[in-house]
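After this come two complexes, each holding subunit A, first together with subunit B and then together with subunit C.
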Partner chain A sequence: MAAGEIDVRLENVSKSFDRVEAVKDVSVDIPRGQFFSLLGPSGCGKTTTLRLVAGFEHPSAGAIYIRGAAVTRVPPYRRDYSMVFQNFALFPHLTMAENVAFGLRMRRVPGPERARRAREALAMVKLEGLAERYPRQLSGGQQQRVALARALVVQPAVLLLDEPLGALDKKLREEMQVELRELQHRLGTTTLFVTHDQEEALTMSDRIAIMRDGVIEQIGQPREVYERPRTEFVASFLGVSNFFDGRITAAANGSATVDLGFGQAVLSHRGTVGEAVRFAVRPEKVRLGQISTGGFAAQVREIVYRGVTTHIYLDCHGNEVIVFLQNASSDALAWRIGDAVAFSWERDSAVVLDRG
Partner chain B sequence: MIRLGHILQNTIAGIAFLLILGPTIVVVLVSFSSAETFTFPPPGLSLRWFVEFFQADNMTSAFLFSMRVGATSAVCATVLATLAARFVVRQRGVTSGLLQSLFTAPLVFPAIILGLALLLFYRTINFGGPGGLILAHVLIGMPYAFRLVLASLQSFNQTLEEAAQSLGAGPFRTFFLVTLPIIWPGVLSGGLFAFIVSFGELNVALFLTGPGYNTLPIEIFGYLQFPGRQLIIAAASTLQVAMIIVLALTIERLVGLARIGKS
Partner chain C sequence: MPSSSIAADGSPLGDLLRQLRSWSLVALPILFFLIFFAGPLLYLFVVSLLEPSQTELYGTNVTLQNYAKVLGDEFYLRIIQRTLLVGALVTGIALLIAYPVAMAIARMTPRWRIIAMIALMFPLMLSNVVRAYGWIAVLGRQGVVNTVLTQAEIIDAPLALLYSIEAVVLGLMTILLPYMIISIANSLTGLDRSYAEAAQSLGAGPLRTFIHVTWPLSSPGVAAGMQLVFFLTLSAYVTIALLGGPRFSLLVSMVYRSAMAFQWTFSAALAFVLLGVALGVGALIMLVLRPGRVQGRG
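Right, the complex of A and B next:
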């Protein structure tokens, strides 16, 4: 990819407030048109990172580029981006049409063109009928759409979104996720999206960065970060994982045999004999069978029926193992609490984690 | 029991109101008196003292001068107060509290000392006249305007300013297109308050007025020292009270407006 196509670049950016180091040495490249999510628990520095790009905070170290231009010392109003705020931040004294036209007015777009583009933007979010209403006369979902129209109408180099769906109820949020994603695809606007909702991040993103305590732990496509988590934090924050510890007893040709204490597992891993390893296995990748089918022996401790899936909690020599079974047939429902079972997984389902 | 408590409460409230408003009511009633001297209740009603007030050159010119001083100092005080309040809301914790006390300090400073201090200060830098009085009233009015503007800024959603900036508005346009249109009731209330304070101010004016530039309170004060035509003072006071009531009601409305605007 040519360097010119990077719309947002953070280069070793750090930010400290008085005593807190909110963002630590973060480097990110977002190519044109990509939907990029920052995902992490509360207080991990997502908003701060976004505000650094927006120019509302100034980095303690590092450099920020938008469309190749160094903006580290540029005030917010001279940076080529627009933003949707968590609580929408619509101007209460302006109508919807005026709200949407605000950015165009700041860019000195002449009146008639401004009105036309504002109208089109409102139509784009399916709100053309509400142009003359004031923000307080609209529902949360409608306000959200106007905020989106207001941000998109200026055709920014990058769209910044700080938990824009956080204030909506679950159903509406899921609708808006799809709508936002469609719109983003259609317009091809480079997007930096902040959320603490892992499902939202998986649903919407081209690429996800998982943040923890101001540090980006892993960046990758949704599937990559879900299936190949690099750290225990990523594996447990994004979905659910079973963790196992063991020591390598034999290693050859990129595979390692690990002693788990209750059995032996073979991993795709280049290690040395004697090395301690920790690895994760997703609950939906664990197979469950009768003792006779082979695998690690365990006992069913709890069964939770969840509609699409059934969650089965196993006790394996004091270790808890979770198994998700699809309710495709009634097989999953055949198990009973107390049953002796055997579980196993395909070799590539086990992901060895970095020692952190 | 509840009824008795109620009656007691209302009686106390009534007495308090009477104590506060009584003297003012007496003055207002007396200003419509037809009598030559102060008698209460007035023997008959007339507007003669108002006519006399408007015929007395020194009174009308003092009235107009007070209006000018009030308006000018209120505008200056409000502009300064708004700048100060904008700065203060951006601070956090201790700094914010410290600055707030600093900007409202003139409120608790005895006006008579301020008057004397300013008089001495103006002497040394060879300054004075109407400008000196206006400057003094700016100092006196600013804390009031500051409080009101600060209150409206504190309930103002700061994210709106960031939203404006994110859409390309610089500080100037952000303030005039977003902040001011939302907080204007507070700013205008602050200005009116500063005006009222200046309009009725006597202590500092005593030191800083002079021949040819007397405010209405000074003129009234002067009248008190001479016998005769004393009820003209009552008329002047009634006019002053009427003006303050109108302004106070306006402020009341504006503060209500500000509250509605927030939602």
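Right, the complex of A and C next:
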């Protein structure tokens, strides 16, 4: 991809606070129009990374570019971005219209044009009727939309979102996810989104970076990072995984036979005989059948009905194995606690993890 | 309210009793306020509307002559003017000094902030009389400043630093400064930093962030600080008397002097003019700073 099309670039960026490294050697390229998420647990450095792009923190090492301009030493107010804050940070002394117009006013956009664009931005988030209200008079969801309108009205090179949906309740959050995604698609604004909610990241992103202890563990499209997690952390933070340990007993042509202690599994993996491997299998990829159908023998320990799916917990020689079954028919509900069952998976469903 | 039913829970009588009980908590303070503040104030106002008497405390005829004497006499108008000037200078200078200090305090860690606040309280524990004499020792004819300047042969004769409007303003300002700092610092400390960051992210530099966001959001603290300092300046009799000297008069000095001269009705009118100045300036501060807008009330 040509350099000109990269809207945000982080080059080997590190940030330390009092000798504690919050961000370690992070490099990221975000192409124009992409919705890019930084996902990780609290304290993983995702918010610090966002604040480095915003200019509220300065990197200890490395360089930051926005639309090709080196901004590493540029103050926040001279960088081409806008931001939606976790608590929205709407100015309490200004009306919604004044809040939205704030960025335009700072850019010295003349009054009539300012008013028109602010009105349009409020209409875009379907709040044109509340222009004269104050933040305190609005619900959380409304405040969230105004904050979004305030950020988008200045037509930034990059939109930064710091867990903007965290303060909303579940139902509203899911509505806003779809709305935000639609809006971003329509406007094509390059977006850097920070969240600790894996479902949110999967729903909204073109690309996700999973962070842990200041390091990006994996970057990829939602499907890629979900289906092919590279590390145990990614496999367990993004959704649920079953982990298995074994030793390679035979290897040839990109496949390896692994002894699990309770049976043999064949993996797509280039390994050497005697090598210890750990691999993950997603619960929804595990097939469950009568003992006669073949597979690893196990016993049903617990059954949890969840509406869309049923979660079945198996005991396989002391290992816990979770299976998600779609409630498409009543098959999933036929199992009983204590049943002897057999489970298996398609060869490509098993993902060998990096030894870390 | 019908209270004939038996006092069970939820009955009108029960409601009444509950209401009475909650009122009883504030009844004593309200009673105290009525007897010792509102009552006397009303009485004083009536006195200010009566004609003076040679033999009694006050006459019996209602008149506006006391107010006419204050507001129609150039001497008293000049005193009102000077009172406003001293109040404005003390409040204005205190604001200019206090705001940066308050900003620095708001940026401290909670531990250092508490230490700074306690340090600010210390001067308030000292009597104003003592502090006024302290200034006399510094500014007097044989005070520190004059002695040093004379010894260094920068001046031939001692400067008349004391008994001036500057001495009064300096004395009052230093006494009242902590009130201003503490109230602004409290306002700034409670301010979420994301407001300033939001302004910056929208293109506002430090100055415009201050003008458009920090200053208006700190207006409740600024208004409270300015009112405290201005009102306390109006009633700071001792400092004015000691540092201003016998010929320097503000409204409060005139109230005292006319009361000492047994001009009760005139003294009462002066007191109400003083109250009027306080209310007027207090309202003006609220009108200009509009601290209510921080709560989103326009």
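FYI, the second predicted complex is superposed on the first by the 356 of 356 C-alpha atoms of A that agree within 3 Å, B and C clash if a C-alpha of one lies under 4 Å from a C-alpha of the other, contacts with A are read in each partner's own complex, and residues count from 1 in each chain.
Note that a residue touches a chain if its C-beta (ideal position, glycine included) is under 8 Å from a C-beta of that chain, and two chains touch if they have at least 3 such contacts.
All figures in this text were calculated on a predicted structure; none of them were measured in a lab.
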item	value
Simultaneous placement of subunit C and subunit B on subunit A, clash or fit	clash
Which superposed partner A:36 touches (first subunit B, second subunit C, both, neither)	neither
Touching partner for A:137 - first (subunit B), second (subunit C), both, neither	second
Which of subunit B and subunit C A:226 touches, first, second, both or neither	neither
Touching partner for A:237 - first (subunit B), second (subunit C), both, neither	neither
Partner chain(s) touched by A:83 [first = subunit B, second = subunit C, both, neither]	both
First (subunit B), second (subunit C), both or neither touched by A:279	neither
Which superposed partner A:154 touches (first subunit B, second subunit C, both, neither)	both
Residues of subunit A contacting subunit B in one complex and subunit C in the other	54-56, 75-77, 81-83, 85, 87, 89-93, 102-103, 106-107, 136, 150-151, 154, 160
Subunit A residues touching subunit B - in the complex, by the definition given at the top	54-56, 75-78, 81-83, 85, 87, 89-93, 102-103, 106-107, 136, 150-151, 154, 160
Touch list for subunit C against partner subunit A, complex	192, 194-195, 197-205, 208-209, 212-213, 216-217, 219, 293-298
Residues on subunit A engaged by subunit C in the complex (per definition of touch)	54-56, 75-77, 81-83, 85-87, 89-93, 102-103, 106-107, 134-137, 150-151, 154, 160
Contact set on subunit B toward subunit A in their complex	157, 159-160, 162-170, 173-174, 177-178, 181-182, 261-263
